[in-house]
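Chain IDs A, B, C, D, E and F follow the sequence of writing; residue 1 opens each chain.
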Amino acid sequence: MTDGFFQPVSGSVLPRFAGIPTFMRLPHVPPDHPRRAEVEIGLFGIPWDGGTSNRPGARHGPRALRDASTMVRGQHGVTGARPFAAAACADLGDVGCNPVDMMATLEEIRSFVAGMAEEGIRPLAMAGDHLTTLPILRALGRDRPLGLVLLDSHTDLYPPYFATTFPTHGNPFRMAVEEGLIDPARSVMIGMRGTCYDDADRAFARDHGITVVPMHEVFARGVADVTAQARAIAGNGATYLSFDIDFVDPAFAPGTGTPEVGGPTSAMAMEMLRALKGLDIAGADLVEVSPPFDNGGITSWLGASVAFEILCLMTAGAGAG
Amino acid sequence: MTDGFFQPVSGSVLPRFAGIPTFMRLPHVPPDHPRRAEVEIGLFGIPWDGGTSNRPGARHGPRALRDASTMVRGQHGVTGARPFAAAACADLGDVGCNPVDMMATLEEIRSFVAGMAEEGIRPLAMAGDHLTTLPILRALGRDRPLGLVLLDSHTDLYPPYFATTFPTHGNPFRMAVEEGLIDPARSVMIGMRGTCYDDADRAFARDHGITVVPMHEVFARGVADVTAQARAIAGNGATYLSFDIDFVDPAFAPGTGTPEVGGPTSAMAMEMLRALKGLDIAGADLVEVSPPFDNGGITSWLGASVAFEILCLMTAGAGAG
Amino acid sequence: MTDGFFQPVSGSVLPRFAGIPTFMRLPHVPPDHPRRAEVEIGLFGIPWDGGTSNRPGARHGPRALRDASTMVRGQHGVTGARPFAAAACADLGDVGCNPVDMMATLEEIRSFVAGMAEEGIRPLAMAGDHLTTLPILRALGRDRPLGLVLLDSHTDLYPPYFATTFPTHGNPFRMAVEEGLIDPARSVMIGMRGTCYDDADRAFARDHGITVVPMHEVFARGVADVTAQARAIAGNGATYLSFDIDFVDPAFAPGTGTPEVGGPTSAMAMEMLRALKGLDIAGADLVEVSPPFDNGGITSWLGASVAFEILCLMTAGAGAG
Amino acid sequence: MTDGFFQPVSGSVLPRFAGIPTFMRLPHVPPDHPRRAEVEIGLFGIPWDGGTSNRPGARHGPRALRDASTMVRGQHGVTGARPFAAAACADLGDVGCNPVDMMATLEEIRSFVAGMAEEGIRPLAMAGDHLTTLPILRALGRDRPLGLVLLDSHTDLYPPYFATTFPTHGNPFRMAVEEGLIDPARSVMIGMRGTCYDDADRAFARDHGITVVPMHEVFARGVADVTAQARAIAGNGATYLSFDIDFVDPAFAPGTGTPEVGGPTSAMAMEMLRALKGLDIAGADLVEVSPPFDNGGITSWLGASVAFEILCLMTAGAGAG
Amino acid sequence: MTDGFFQPVSGSVLPRFAGIPTFMRLPHVPPDHPRRAEVEIGLFGIPWDGGTSNRPGARHGPRALRDASTMVRGQHGVTGARPFAAAACADLGDVGCNPVDMMATLEEIRSFVAGMAEEGIRPLAMAGDHLTTLPILRALGRDRPLGLVLLDSHTDLYPPYFATTFPTHGNPFRMAVEEGLIDPARSVMIGMRGTCYDDADRAFARDHGITVVPMHEVFARGVADVTAQARAIAGNGATYLSFDIDFVDPAFAPGTGTPEVGGPTSAMAMEMLRALKGLDIAGADLVEVSPPFDNGGITSWLGASVAFEILCLMTAGAGAG
Amino acid sequence: MTDGFFQPVSGSVLPRFAGIPTFMRLPHVPPDHPRRAEVEIGLFGIPWDGGTSNRPGARHGPRALRDASTMVRGQHGVTGARPFAAAACADLGDVGCNPVDMMATLEEIRSFVAGMAEEGIRPLAMAGDHLTTLPILRALGRDRPLGLVLLDSHTDLYPPYFATTFPTHGNPFRMAVEEGLIDPARSVMIGMRGTCYDDADRAFARDHGITVVPMHEVFARGVADVTAQARAIAGNGATYLSFDIDFVDPAFAPGTGTPEVGGPTSAMAMEMLRALKGLDIAGADLVEVSPPFDNGGITSWLGASVAFEILCLMTAGAGAG
């Protein structure tokens, strides 16, 4: 890495709003690239929203996130961390999703991530709707179930939608539990709010031992207390971190499929991420950014900023070694 | 109600974004409907903004609120309350407002609500500008003055505008006091902020014994303290609850006629509503949602979410019996 | 129909922007409605975009079209036709689509329209992406192939997308030909333009005898000449009329999934529709209105205006008898 | 005028996007201004939309038009005319409208224009909804009826709305005829289209001898033929020119209250205005620009460009002497 | 001032959304105006963004701020202060900036403000990008360095951009320190956050003795503590107050060039400004409002509200005497 | 080129809305790329708007154009031309512009293009404001003056702006004539319209022998006549083709800095380009796409479509050999 190949394009060479946009201005390193073997963390897009039961558009998320992310600079403003110096990060491109074929696409995603895993590249997925997390977990949690930290306004533990046997973005974690991909005892879900159909998702969580911390409880207990609990639940084992942009209040993240009012500010969300330092992150994602419903790009910019926080966690935690 | 008639259309029959939109997917029950006599709480629209002194557009509020409200599910996320199971709720349609005739419209509204009152239906109005609250109070407060809980960034106790004798959306409560429709001693106004012309409205409140809690005081004292005071002021008597969407900060509710910066977040607003549990609500409204100034529907969605909170209060409070 | 039941709600009873929005303010007549047997033309929504290979959002089309269509008045401005007086028209509601299950949804649509056909109701579908035309044709063209008049910027005769066996919104008419639902010799496609992958669609048209009139040819020959040819091709037999909103230039119809520049103005498009008078229309649709990409509702309003033109054709042509 | 006082602020002194915006960067000349007596043509705003039966917002038109109009330069691109050199033009400010009092406002407008007329200032009104034309005609047509050239998608000859006695923006010309303010025989209305309630407006026109040229006839006959007819109808007498921005197709003018598809392009509209040269214009207006429904200011910019064309007509015609 | 000349136009004479917009409806007082000598505080625009390294558009800020500011009323809602009664305030118009000539423009600004200073008028600049602060400081701090209170998400102490010798909006305060225009020991910067290139700006601050309070520290310590420190640092000497709108979170202020997530709410920002009461303000500015990136004017309205707060500080502090 | 390297990424491998966006999905071939020597036509971005005298934002044009252009397919819909098969085309990335240093940037651009010329790569620039054409001409026209075909609503032959010596986007062609880079006798400018300051630009054209065809003349004479004249003027010599997106009417291209109403439709513009076939194009550009003022991306999509037409001209004309 001494040759600067894995460093973002400098703002002094090309203004940050200019140039072909890759995630955080990192080099594009496709499978046949000569430097591929050096990659430690791979950012990649999943341009797909075929699991969406409400407003679509998350298929356009990766491109909007690439665009916004070229404004990310290399050093964390609070901690001083420099993730691009700490690990070889690259943009691996997008998974070849098929917008009209769910099953083929889920397998494409699984295969893409399984390939990364074999190469020793930790994934940071820029999706896409939340169903895309399921095939990632199928790739990463096949051999042993992972811990899970989910920041979201919904549990995504719902029963099948519309009496169909197809999965949707409302049940990736229910299926992941049923498939043994995550360990319920090491799983925590934070930020739930809004109206519910019934108690089916919470009952599933209770029955399997998943910890759910609804948003009003986060406000009551505070960030430090809740994040300490989350770190304790996830423990020292390999953990998956999933951030649904609808975790944040719609005023800060209007560009998403199923917004719920009453969420945290962006400042509170960023503080929570920082406080999760120490997790052993085997993989992570940012999901549900839907550009057609965004306002002036504020959701994409928040998403890119969240992705940088996650990258700092990935290069600071146990998995970074 | 055992036949499911008064239940919202299920999301498993028709996706929540689909179908002819009624408020919260409730049945449309016009005056001549065979099930009309069973209705306990009536949601209805007041598509009128003829009292607006600044940005218009609230006439389009009811339709946008119906559209957004089909995303509301049946169970409260924090309390578990199920208002549609607790009372027979229905969409009664819109008042036949005349956009160019204020006096005829005010009488249309009064008559519409008076009819509901005679039928024993408690009103939840989806307006419309804030002047529409005046004819509702004329219908509900004619026999005995009501208590009032107002969440708003303005007192709406201003003197007539532009030296006219016409009322505007700036003085419904001043007129309601003068007409004996509300009891000042049982009235509380919360959230006032922004610049003022002078002290005329506050002086009127002081002179008549209305309690005003400006926004900076809410921030200083906290939600629990202020809402406890509000419940104490309103007491056990029949009370009207009015929620002006400009109570919430413009970042959360840009789609309104006279926004004022420095307001609460949506989370704080929802918390305040929950804390008002126990009021004996004779009627309620949500006003001043102006879709032409909204961004991606976030104001309408907040408005629909607020209306659900109010509905939970109406079915939980003393009036629910 | 003498009792006014099938007449749109008058703008003198309720302003046209007000009230629960049904298509063109027509009565909502679900299957169990007492007046159902009288319906001659049924407008219905298909809130689905699962066949979309590019920008999604057409699932939100029916609701936006209902909203815009309440501005449609009862009399045609040029011809004086009064379709609501000529036939009993009603809003039949939406097909119960499943956003994540293509095959189930295609069958739902087919079944919905087949039921209408059995009741003797001619369908005017407000979709949805263009794949939804396929199941409509399966319902209407099962017994004998229909003629086809297509106004579109694409032929939608493309081979399967992405090497999948699934259909998409790019091949409904190819499949309809292969399934014998439309008669190629009585089919004409008007308005094609923009870049192409290759000649596969045009070759298919040539091989099967479908007439294609690309947009530059329409500009060169003029509306009268092209529409006379279209009427001659369709002849006197039962014909399906399909209008893809991307037929019109993106300046007039930005809210669609795959816009192509270089299209007609709205005036030219309306003139073409009027000139198609005399077709024996067995069914019709308006597709690909995608509200998330619209600007201030101009696409929805154009779509509603187009639907009214089609309704006038349906009540004026041979099928109207 | 040799001292440059009545010339627009130069783009070389202050960029055209900068500075306090007055109409076309002309000097603001209120009633008490020392140069008031020199003004020949007065541009003024009517920030009012209280006569609007559909989408409001035209009250914000004058401000948006001032903003856009600072981009207007001094010389006509086709004719080379320089209206600011030909006549002393000034921005007279806005009429003091009351948004909640129709009758008081109509009188305010009448009085404002009557005052101008007494001072010998010809009015070019930047409104406001179309009802504001009525009081202008009351001021200008009191002594002798004026000829009328109307470019609009509606006749605005409709009966009272909603069974009310109040006027609306749908009937200013009906009332003007009834009050003897315009001469039907010297009146022509161009561009009508879209759906109608019935024939009431056209019948009124026929009965009184007003010439109506619907849009499809304009397309068929061409600009030269229609405008020649219009000039012949108006003749040599004093004539009022009224331009409703909804005359132009919604793609070019989305920011208006009641758009109708199938209208002319901006190029055709501008060509028509140029072809009206020779009218003796006693006064004129541009109405129905509604900024809340505009897209990126294109409607306001079109409105400002139209106003400049009108100004060129006013300084070139018989009235200019 | 007893004649009302320096009072804003009353909302009872002209609705607040109407009329030619000046800052806060104050009189326009250009250099040659007869009342010029009486002006104590001058609001003026700097329509220029030539120092912007990222998203442009702040050149359009002054006009949008004038538009929004006409909604500001005369009395502070919390303190009751009436700045327009306390000092003669006026709109002095815009500096004649040249969008393509940085050096000429910086001198134009300096000269404009130096002129005001000679006339004894305290400046409140409505800019414009942040580089415009540099020439203001050159005008005001020439004789003795000023204290500085900066509310911003960036320090603007960065080294030259792109290896150029030109200044940008990223280094006005670095240059001001180097030119001796501000006193580092009496300077405090509050609200910094987001990613950094490196430590160059913070190192500069440390080396020169400027106090930097990053945003996460503000959240941890609270408004009262941080503002008390700021007042102590600035002390009793003449101080410059600079407010970059990107200080506030993008949800509240999307319309700016370089937004950073994780900022304060508008309520917190307003509270901070109020808590700065007592500063001896020699001049102030509001910068970086970029209307092309705004949503529905919420950023401009926040900017206008901030400017009113600053005006209250200017008329309440030591400099007001 | 038999190995497919220079072919756009197929829509069957990755949906067209997905993947890292390069111009038309062509390979990114920076200077040190092994296939660089094979490139025949280079598309590149000029992310700069420092010459803009009105609305900025064209610096964001290249990125928006890359995004939109991934929807371009490989075959022309009318002519069947396949430019990517006819010549080796590639995305060369962006020029390293400095947003705050005009002179350095103009030299960067000149140097970038001069380098391409030396490599034998014909340039197709995606800018940026129109001033960026000047340094391109300095690179291409140094040895012998080029013919010029300009499609634009302005001549860009204006004198210096604001009495400055700096160039702006209003005078690149004036300077190009003065520097001998273009041959006036072989230069034609088409589409001029809108208001003018004076006759300075037209006089310059007349004096130097440049042919100007204003828009109203294009409408009167027709596309065939005007384009035949243009081809005749340019003749057989090397010619530069410059397309300012403001050539098209603002309804079709709202996202630009200085829109002028009364322009052609997109269909007419595309027809004009096709009719220019046969020009010997030494280089070309598409300028003035300003995304912050665009609506739903329609301007970017039009720009990408125009660029494809230009590419077809470049591979079909004399220079293609």
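One rule holds for everything that comes next: a contact is a pair of C-beta atoms (placed from the backbone, for glycine too) under 8 Å apart; a residue touches a chain by one contact, two chains touch by 3 or more.
Nothing here was measured: the structure is a model prediction, and the numbers come from that model.
> Chains shared as neighbours by subunit A and subunit B?
Expected: C, E.
> Considering C-F alongside B-C, which chain pair is linked by more C-beta pairs in contact?
Looking at B-C and C-F side by side, C-F shows more C-beta contacts.
> Using mean CA coordinates as chain centres, what's the subunit A-subunit F distance in Å?
So the centroids are 40 Å from each other.
> Could you put a whole-Å number on the gap between the CA centroids of subunit B and subunit F?
One centre to the other, that is 55 Å.
> Using the touch rule from the top of the page, what residues of subunit F touch 2 or more other chains?
Those would be 15, 17, 53, 55, 59-60, 98-99, 161-162, 249, 251-252, 265, 293, 295.
> Strictly by the criterion at the top, what is the full list of touching chain pairs?
Going through each pair of chains, those in contact are A-B, A-C, A-E, A-F, B-C, B-D, B-E, C-D, C-F, D-E, D-F, E-F.
> Contact residues on subunit D for subunit E in the complex?
It comes out as residues 13-15, 17-22, 28, 45, 47, 59-60, 62-63, 66-67, 91, 93-94, 96-99.
> In the complex formed with subunit E, which residues of subunit F make contact?
It comes out as residues 49-53, 55-57, 59-60, 98-102, 104, 161-162, 164, 166-168, 292-293.
> Which of the residues in subunit A come into contact with subunit B in the complex?
Per the touch definition, subunit A meets subunit B at residues 53-55, 161-163, 192-199, 214-216, 219, 249-252, 254-255, 258-265, 293-295.
> Which residues of subunit E touch subunit B in their complex?
Contacts found on subunit E: 11-12, 15-17, 71-78, 80, 249, 251-252, 265-267, 270-271, 295-298, 301-302, 305, 308.
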